[in-house]
Amino acid sequence: MPDWLAAGLITLLKAVLVILGLLTGFAYMTLVERKLLGRFQMRPGPNRVGPFALLQPVADAIKSIFKEDINVTMADKLVYTIAPIISVTFALLAFGGIPAGPAGSLFGENPWVYNLDAGILILLAMTSMGIYGIFLGGWASGSKYPLLGGLRSSAQMISYELGMGMSLLGVLMMVGSTRMTDIVQYQAVNGWFIFFQAFAFILFLISAFAETNRAPFDLPEAEQELVAGFLTEYSAIKWALYQMAEYISMFTASAFMTTMFFGGWKGPVFLEGFIPGISDWPLVWFIAKMAFFIFFFIWVKASILRIRYDQLMRFGWKVMLPFALFNTMLVAAYIAFVGRTEWKGGTVYERFGLNQSLGWWALGLISLGLAAFMIVRSDVFRPWFNKTAPVRSRTPQVPQTGRAGGD
Amino acid sequence: MVGTGAYVALSGVLFALGMIGVLTRRTAIMVFLSVELMLNAANLALVAFARAWGDLVGQTAVFIVMTLAAAEVAIGLAIIVAIFRKRETTNVDDLAQLKG
Amino acid sequence: MMHFMIFLPLLAALLVMVVPNKWREEVAIGSTLLTLGLGLAIWLSGGTGAYVRDWVAPLGITYSVQLNGVSLIFAVITAFMTFIAALYAVKRIPNPGTMLGLILAMETGLLGIFASRDLVLFYVFFEWALIPALMMLAIYGGPSRMKALVKFAAFTLFGSLLMLLSIIGVKYYSGADTFALYGFDVRLADGTLRHLSGLTERVVPQPVQNWLFLGFLLAMAVKLPLWPLHAWLPDFHEQNHPSGVPDVMGTLYKVGGYGLFIFAMPLFPNAMHDFRPVLMGLAAFTALYAAWIAFSQQNWKRLLAYAGLSHMGFVALGIFSLNETAIIGAMYLLAFQNLYTGALFLSVGMLQERIGSVDTRVGGVMTQAGAMGGLTMALWFASIAVPGLAGFIGEFSVLLGAYQVQPWITAVAALTVIAAAAYALTAFQTTFWQARPLGAVATRDLHGLEWFVLGLPLALAIFFGVYTLPALNLIQPAVQNVLGLAARALGGNP
Amino acid sequence: MLVASLGIGIIAVIASALLGPKKGTRAKLMPYESGNDPEHGGVGTGQRFPVHFYLVAMLFIVFDIETAFFYPLAAAYQKLPQFAFFEALTFVILLLVGYYYILKKGVLEWR
Amino acid sequence: MTYTLPDVNFLPLMPILFVLLGAIVSTVGGFNTSRRNVTWFNIAMLVLAGLSMTSLLGFGLWNRDLSAFNGGVRADNVALMIGGVIVLGSIMSLLVSLDTAWRARVSFPEFDAMLMYAITGCLLIAFSGDLIVMLIGLEIMSLAGYVLATLQDSRRSEESGLKYFLLGSAGSAILIYGIAFLYGATGSFNYAGIAGRVAEVLNPATVNAAADAATTVALAPNNMGILVAGALLILAGFSFKVALAPFHQWTPDVYSGAPTSISLFLSTVVKVAAFAGMLRVFSGALVDAPAWHSVLQWLIAATLIIGNMAAYFQTNFKRLMAYSAIAHTGFLAMCLLAQPSAGGPALVYYLLTYTLMSGVAFAIIAALQRNESGLSIGDMRGLFYRHPAYAVALAICLASLAGLPPFAGFFGKYLAFQAAFQNGYQWLTVLAAITSVISLVYYLRPAMLMFMPDRTPAREYAHGQRPPTNATVLLGVLGVILLGLIPSLWYNFAANPGIWRLLAGIGQ
């Protein structure tokens, strides 16, 4: 068997594995979420199907497959069918690029499906492809609420994508590469980025919530205003596919945050003291961190109220974007000046003699301070997005007859 | 490794398709999409040639062309939307206010 | 002095536009008179030397002017006729400010045409004179002037743009440094003299020369005019203001013959030699054809237009024959036909003023306006080349010279003399003699200024009909000079 | 990966299409408009929505391209001389001019 | 790999930066002050830009032949002269817009902003030393132009904007594709580099083996084909921009549909800039590339015939001017057929005169029209007796457009004819002469109608004459007359063959 075929087959195998894992994960996450929400709200949650309702997801799956799949008369059949597929496909695709462990740690194979040196760009691209699924779905339903819902959610997602993309720039500048494995390695050497880029992390976290249409940003499914948003006309498996996409993108987001800010698959190095090599156990740390973030998602959903749509948009454009931009320029300035300033003979780095990372701590402090400021003194910029500013009228004043040229 | 000629040929095909679209399609949106197709054909050609010459200038050019395309999209959509909201059509033939 | 003479009218024109209404006449008349005086002074001083300056140095375009020989005569006569026309305009046209201004502006163009010794400069003046002519037609013209106007302009431009091309070509193919006819020396920065060759010092090779000549000929044939490019002429004259003032200027503007003589002959001798039979035939046909058409005209202005066309046929015949006598005659004719043709237009204007039409069949004017009839008659005689009047000298020597070259064609042309007598006398007879229709308004006879306006040109016509020496003294050497240049070019390129 | 993930979606849809019951009634297949009959017919026919969404889309296009310009810069930033910072600064300032404009124009206001 | 900075030097960009500053200020400051102030500020900026291109001020760029960014931007005298023309036309359109924009309902700061951005693009084209820079400038110009054409909230202008946009963007797409091919054939975007490589392609003997011989060989077989294809594609793209037939269809609709003060801008400044690009590319980079001359001459012939013929049948003066713009494109493009040393000065001279002439014509239309559809020729009858000054000015400009001496238009035409004639395109010049007779007729009709007295009540806007417009008209007419009487005023600057040798990239 020629090795290109072997490689191909192995990749395919890994892909199937990842997908199956994600699907099961999704299935049981629904269960976990419902149980947790139950706990949060002091009620038992699902407990009928099987021990600890362990079979609940299976039941759901079977139900949604055997349920009648309604095609609305006014829908554009083809697009109406394709939209959920697109959505789930790219959600799954996005995950494949994330390294779950060091090279060759997965039975001699690399624990990722593909690893491009433009990894982050690819991942962002994939996640934004999800918008197509949602918008097309809403549009193809040929009905009012889905249309508006689709528009809303796509507008929301693209708006927050800017903040998302820009908040990562700081990390990229520090690493100097967009390949995820490099980033993880860099963190392994220099420490996690959460310490240097807390501010960026917060921005990214918020954007991630918005990207995944989770609470408090789950406007697309705002029952009060839009029935079920773009999902209104969907039922049965298609509806399930959308849910799948949402949860999977949640996984992806968690994994991404893990990779970018929390050192990826590497465990905290100081534990080496107790158990040697613990920080290199493949998958374990990775899954643990992911689990934490997923729990975080659910937690937030349970505790924070949904915000108004206009607030949402204004927040995205007036807060996220400028802050992200500011953070970027901050890092840039830091690298350009502090990193290169002559200080007691030699640049700061050389002065400290160590690797560059020591140069980062000051930046980390600044960033942390900003984050703290953003959280603590949030009332400073709340007015930016919480009340509508007066709008200047666009059309010019056309003077009445004969008057000499005014404006 | 595929030869430069193949890429250029492909880009030529794309370009021709776009040209045909511009000439035959009657909806503003479609004409516009064809133009975008032409632009991307140009991008493909640029990248292919850049590889053939082994320098990066061509690829930076691609970046710029992409930006231009984006700007054109923004403005073009604005114009088309403005017209669409005035009269429920974007059919080029219906724009007969100005007789040639 | 020369430049002053050329540009004085333009300044006067601008002045006329600005000075208060009541002084306009005085300014205009004074300036025309002054111009005429300058012209006469130059004549007495026997012409001026060439004056050359760079205009657009990188392109070899120069401002080179000279008033001597033929040019001088034309200039003086132009000044004179402009003076007459201005006089009559002042008398005839109410509030003539604009008209006077245009006349003066046009005079500058005409004088420039005659004075310029540089092809591009010539072209510039040539086109410049067109604009006031058009304006006169547009402002003072008759009901269907737009058609006439477009016709006039289109014909002129069609010719002159092709001429522009051949101008470009002449310099390009002859490899001369400048567009000036005669070369000149310039003092360079380092003080050394450098000779810039003029067009006449180089020879354009054949067959290019033929093509360039055709381009040049087109423009000139339009301005001569020569059949079949004469179509604009009758409409132009017919639609112009009934007082023949603009027509006078239009007559003066028929500079085709001059252009051919001064530029084409030295620059394209071979081409002219090759085309001689054709062109002579064309000229003779023009003369005869025009006379024939004139015979059937019932509108004085059209009649005069065709009469002028017929004269131009003679002029062209003389020039194309490349024979010294004929050319001298042609120049003589071309110069002095301005006098009586212009005067005739003015007399038509007077007629129209009196009886309100330019129809040739109002009878019996003679009975009430004898003097006008008499003067008109005399002018007609001049026009149909009755011996003792200026017209005769020209036509006779043209025929004489042309006969030595192309007997038969000349014989055909000679018939024109008879035809001319026919149309002139018929028209005159049906207008002035015959029975006065009943109930027609009484027509005043000439008085004061009008005597002057018709009499002066007539007097000159008679003078130069009898005593040709002063004119010939100017014309003959010029013609010989040009022929000499042509011969040298022929020799340089056998 | 693409193959597999596409496969999942398609298989699922087909499966349910095969297995699921098909009992469509008019009312059931009608677009949901809180029980009212829909006014207009189907996709693309006069579905008007606020122009504001177009604006957001355009802004996104433009700003996203700007971000796209940032990525290569960021990736190469440490290797670049200090001048790169001023380049980036100029870029951002120009960006902010546009941002200020849309801000004052009230494009970002939702009512 | 090591990153080397390009030679960063903002001095050559100074005029552009002035204009850009104006643009930004009018973008940002439009909220705080009135549009009138913004416009005056922009005019001041334009004047500054113009001065900075002369040698009057200490920091003037004239004759310094600066270049920066690895030859990407070149402020040689050619660029400066064309830039001067651009600035002049822009000042004219801004002045006119001061009076007429409020009537056209486009009097808000965005108008100025867009105009200034467009001017920035135009200048960038003129200053470009590099296909990429040229492309960027072209796009800035075009995009701003689309917006300008659509700015007025009326069906006419939106329609014209859409047409302009669709055809224009198609044109730029073709242009970009051509640029890609040119890059493929020569491996360089720099004009000088391209010129040098073209020579190599033409006679491969001179190819120095050292310089990436491998790639040269790799491309050698189709090198020539790609080169020609690229040249022709670029030609087509530019033909869209300057409205050479058969790519001219958008022109009349856009020029007559857009608000008049914008038509002024589009028909003068934008065209000038596009020609600057053509000059740079064809007379500079591709000067000895094969095949494009012969195609261009046919395009010109078609343009001359179509433009003049169509203009002849127009009844609306604004639309007539639009077609005459097409016709003049033909005359202007004749200059490109010549060698740079002959055609370049001709083009520069003609561009200036053309800007002045049609600038005045459009200014007067803008001042006197009742609505944005312009004046019908019939309505101009007797204008001389209602607005004598405007009538005379318009007559002078029409005569100049028709190419009658002693006005500047004559020398422009003369130079164009000479340029084409001396490069063996005699038949084209003859055609041009004949077509310009037609042009004379259709220019003459309105010009003469204005002087014909008539009794009908005036049909134009009564209060048209305002100081800024008068200033524009005066500027234009004086320019036309002076340049006609003393062409050396402007021509002598352009006539120096040295600057054109640089343009051809030989000086590098």
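Chains: A, B, C, D and E, in written order; residue numbering restarts at 1 for each.
As a convention for this text, a residue touches a chain if its C-beta (ideal position, glycine included) is under 8 Å from a C-beta of that chain, and two chains touch if they have at least 3 such contacts.
Bear in mind the structure is a predicted one, so any value in this text is a computation, not a measurement.
*Asks:* Component check with chain E excluded and positions unchanged: what groups of chains do you get?
*Replies:* Drop chain E and the rest splits as A, B, D | C.
*Asks:* In the touch network of chains, how many steps separate chain B from chain E on the shortest route?
*Replies:* 1
*Asks:* I need the chain pair with the most C-beta contacts, please.
*Replies:* A-D
*Asks:* Taking all protein C-alpha atoms shown, work out their mean, then name the chain whose own C-alpha mean is nearest to it.
*Replies:* E
*Asks:* On a C-alpha centroid basis, what's the spacing between chain A and chain C, in Å?
*Replies:* The separation of the two C-alpha centroids amounts to 92 Å.
*Asks:* For chain A versus chain B, what separation do you get between their C-alpha means, in angstrom?
*Replies:* Averaging C-alpha atoms per chain gives centres 32 Å apart.
*Asks:* Find the geometric centre of each of chain A and chain E from their Cα atoms only, then give the gap between the two centres in Å, rounded to an integer.
*Replies:* Once rounded, the distance between the two centres reads 50 Å.
*Asks:* Counting in whole Å, what is the centre-to-centre distance of chain C and chain D, each centre being its mean C-alpha position?
*Replies:* 80
*Asks:* Spell out, as numbers or ranges, the residues of chain B touching 2 or more other chains.
*Replies:* If we look for residues of chain B contacting two or more partner chains, we find 71, 78.
*Asks:* Check each residue of chain C and list the ones that touch at least two other chains.
*Replies:* In chain C, no residue touches at least two other chains, as defined above.
*Asks:* For chain D, give me the residues that contact two or more of the other chains.
*Replies:* 57, 64, 76, 79, 104, in rising order.
*Asks:* Note which residues of chain B are touching chain D in the complex, please.
*Replies:* Listed in rising order, the residues of chain B that touch chain D are 63, 66-67, 70-71, 73-74, 77-78, 81, 85, 88.
*Asks:* In the complex formed with chain D, which residues of chain E make contact?
*Replies:* Result: residues 3, 5, 8, 24, 27-28, 31 of chain E touch chain D.
*Asks:* What residues on chain C touch chain E, complex-wise?
*Replies:* 55-59, 120, 123-124, 127-128, 130-131, 134-135, 138-139, 145-146, 149-150, 153-154, 157-158, 161-162, 164-165, 168-169, 172
*Asks:* What does chain B use to touch chain E in their complex?
*Replies:* Going by the criterion above, the answer is residues 4-5, 8, 11, 15, 18, 22, 28, 31-32, 34-35, 38-39, 41-43, 45-46, 48-50, 52-55, 57-58, 60-61, 64-65, 68, 71-72, 75-76, 78-80, 82-83, 86-87, 92, 95, 97-98, 100.
*Asks:* In their complex, what parts of chain D are in touch with chain E?
*Replies:* Per the touch definition, chain D meets chain E at residues 76, 79-81, 83, 97-98, 100-101, 104.
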